[in-house]
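Chain nomenclature is as follows: A, B and C, assigned in order of appearance, with residue numbering initiated at 1 for each chain independently.
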Amino acid sequence: MAIRLVEIAQHVQATLQGDAELQISAIAALSSALAGELSFIVEPKYLANLKTTKASAVIMTRELSAHWVGNALLVDDPYLAYAKAAELFKKPTGITSGIHDSVSIGANCQIDPSASIAANVVLGDRVTLGKNVSIGANTVVGNDCSLAANCELKANVTLCDSVTLGKACIVHNGAVLGCDGFGNANDHGRWYKIPQLGGVRIGNDVEIGANSTIDCGALGDTIIEDGVRIDNLVQIAHNVSIGAHTAIAACCGISGSTKIGRHCMLAGQVGIAGHLEICDKVILTGKAMVTRSITKPGIYSSGTGIMDNTAWRKSIVHFRNLDKLVKKIKQLQKNSEVNDELAIRC
Amino acid sequence: MAIRLVEIAQHVQATLQGDAELQISAIAALSSALAGELSFIVEPKYLANLKTTKASAVIMTRELSAHWVGNALLVDDPYLAYAKAAELFKKPTGITSGIHDSVSIGANCQIDPSASIAANVVLGDRVTLGKNVSIGANTVVGNDCSLAANCELKANVTLCDSVTLGKACIVHNGAVLGCDGFGNANDHGRWYKIPQLGGVRIGNDVEIGANSTIDCGALGDTIIEDGVRIDNLVQIAHNVSIGAHTAIAACCGISGSTKIGRHCMLAGQVGIAGHLEICDKVILTGKAMVTRSITKPGIYSSGTGIMDNTAWRKSIVHFRNLDKLVKKIKQLQKNSEVNDELAIRC
Amino acid sequence: MAIRLVEIAQHVQATLQGDAELQISAIAALSSALAGELSFIVEPKYLANLKTTKASAVIMTRELSAHWVGNALLVDDPYLAYAKAAELFKKPTGITSGIHDSVSIGANCQIDPSASIAANVVLGDRVTLGKNVSIGANTVVGNDCSLAANCELKANVTLCDSVTLGKACIVHNGAVLGCDGFGNANDHGRWYKIPQLGGVRIGNDVEIGANSTIDCGALGDTIIEDGVRIDNLVQIAHNVSIGAHTAIAACCGISGSTKIGRHCMLAGQVGIAGHLEICDKVILTGKAMVTRSITKPGIYSSGTGIMDNTAWRKSIVHFRNLDKLVKKIKQLQKNSEVNDELAIRC
């Protein structure tokens, strides 16, 4: 597969500099690109790579083009332009519309004729699949689920009952949506299961990573708004609400009834306790431990980065004894004041 | 669906106050309940919500009923009563007994005629399914597994070989029970796989969350006692033992051969190192890092909660340098003592 | 099943001391072994268990054999010998070569006649399966995947497109290999999905745990070298590279483009930020938070272990205020110097 540079320029709305007819065979990073390939430079700090790259064309800003004499696609946002260019190089998925012979379909389903349903998929009752919906092999969809146009469930996904997906959502392999929340009432030392009666409501253009889990609501729904991106192995508990265009990296856990705002970014392994509110535009760095609501946009962090094990052992002993240490310092301050007085009197 | 208030009162063993014939259509939180719905109040701090709720009836204690003139169900434990009432509002699951045509069944299985086995389930050899056992679509059960009466495996579950479940256990979607533990002997720099020969033994009334993993024992079994509740994305390593009625929230990891007591509660993302003993009635707060055994019931915590990123950067620099700081303070104490003496001599 | 002690001795290359014809029925830990069973002792600290064990034979070093008069298998590395002995006691898996009737196979696949493919497996186009490859029930393999001889995919695994496995790899249940990496370009507040064009390349003798996820590369491949061991619920992001013979315990998360060296060991719940380099022979203790590259082999740690909740609350308040504390100490040092001078002048 090769694509002319001018076609890519049109697709990403770039100003073309150089050979419009150049045949591009692939996209690659500056450092690994070969002749015939297209690359991109996002930040000036990669200018050294630009000097040595074998790429035959590079996506860049007008500013950086002063450092490059070859073929270029000039854009305002090279990273976004790379994302758009990459679309042209996707392999065909082999998805063809139609329903495989082995598919099980429940009662009263509404399936658009353009939908594609792969082998061994099982649909419950009253499932609605919109235009161009695609469901991968061995995926299971429960009762009363609804998938709007252009949704894609990959292979081995599970949707439990009452899960609603807006347009153009992607659910990756092994993800489970609508499973029971962790609701238990204590009955004299034994746990009594609280039936989880709600569903999951997901907006348009949402992506959910492999093996992530999103609980149904206990009462009412768990809500994921438009444009949210959730990575792999993320846990979203019952009745959580996630605002539009928020991105959540792998291995995060969000506890029940917590409400996360719009345009937030959570790095990997963040944990948020239950019943909190995180306002819009909050950035949480990796492993952040959130036990209180956040009312002001900004970057928040917690944890201690790695240290050499020997030094770390000393620091944690002192951490445990911080209260004693603070008391010692207070005593020193008192002594110091007494000494000051005595000194003055001297 | 609507249920008379008197029926709910009987089911949850409440004293009814008000209109016994009231038709209740759903359960909802105080703040979102509509007319015709039942709600509940657990703590006095929600009295403001009670004042403004549109719920037509509320589950509460006798003490709180002084603040409410409407229909009420009076109980000792409103949260438990809500859990019981919610059972009446569960949607039918559509599970019907019988074995789907597409099911594969190994040799020498014993399947109770009341069992329900959904599409594309694969059972190994010598599998035993008790009364009313239900197995969801696309689930796989290995050889020598045994499920007692009323167990439910949801869709896309995997039980490997030699997994035993007591009565009325629920295993949620994507969970894997009995997979190999992480056992490797180092052979001059290369890892030699240690065959994992044990199984998993699970008591009665245990619930295991979506995409959680429970390893089989290396030698002997991994053991989960009666009434244990495990949330989503939890890892239980080989030969772990979890005492009865312990609850483990999402994203926890329990390392090999660790023994957790009864009635413990682990919040999300807790990690426990291997070969430890945690006594009964231990509560571990979120992200707790457990590297030693715990012999005394109580609440244990670790980690540092979020701070503004700029302030946090300062704190972690000081954390790294705590040992130097402690040495400075010791020096100041010495100086102070010398000064004290000098001052006295003055 | 019983095996003569002499056969085990030959298999593990041990010097046999005692009754060569002894029938061994199982392997067990010293503390739980019964008569007729074989056990092993790895470290002198378990000598108390050796005294009381009911095992009929024990694997041990020559040094420890002074403490034991019974049957013994003498070796240099008892843990490795136990691993090898355990192989003799594995239950037959019931895997038989051949392709189940329910299997779906795409176009242009090359399947060795010795391969075993269980019920409801779905293979995409151009899949290559080498000698003795075994694929468990309900597993899905995408287009252009290649599995070399003796690979085993357990049940409910998903391989997406373009995943290559070397010889004798094991992929445990629910694992997902080759899913899309978390690549999003920000387009005026909305996330634009970056197509993930690469694959996953895995060496020989690699083991990947249950419900773990390994993303395909964004451009180029994600790489796992020979002999790597990955436990359950581990996330490996796009374009990560993991050096040969590195072991990664459960619940770890490795962010995009990070390169981990050879012979590293990561304990549970470790998190590593993106675009870092970790050199060979690095050990990271549980929950370590890695935000910078590591250039020197050694043991690295972070986090604070559990404390009683009341004491912990005090320590974290002080942690937040460390900067103020340090300033106080500096002031005290100044005062102390002034006092010293005054004292001297006295």
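Throughout what follows, contacts are C-beta pairs under 8 Å (C-beta built on N, C-alpha and C of every residue); 3 or more make two chains touch, one makes a residue touch a chain.
A quick note: this is a predicted structure, and the numbers were derived from the prediction, not measured.
A turn of 120° superposes the CA atoms of chain B on those of chain C, with the angle given to the nearest 5. Under half of the residue numbers found at the chain A and chain C interface occur in both copies, marking it as a different-residue contact. Centre-to-centre, using mean CA coordinates, chain A is 25 Å away from chain C. Chain A has residues 102, 120, 138, 156, 174, 211, 233, 251, 269, 287, 303-305, 307, 319, 325, 329, 332, 336, 339, 343, 346 in contact with two or more other chains. Taken together, the chain A residues at the contact with chain B in this complex read 102, 104, 106, 120, 122, 124-125, 138, 140, 142-143, 156, 158, 160-162, 174, 176, 179-180, 182-187, 189-195, 197, 211-213, 215, 219-220, 233, 235, 237, 251, 253, 255, 269, 271, 273, 284-285, 287-292, 294, 298-305, 307, 311, 314-315, 318-319, 325, 328-329, 332, 335-336, 338-339, 342-343, 346. Those residues of chain B that touch chain A in the shared complex are 26-29, 32, 77, 79-80, 82-84, 86-87, 89-91, 93-94, 100, 102, 118-120, 136-138, 154-156, 170, 172-174, 205, 207, 209-211, 227, 229, 231-233, 245, 247, 249-251, 263, 267-269, 286-287, 303-309, 312-313, 316, 319-320, 322-323, 325-326, 329, 332-333, 336, 339-340, 343, 346.
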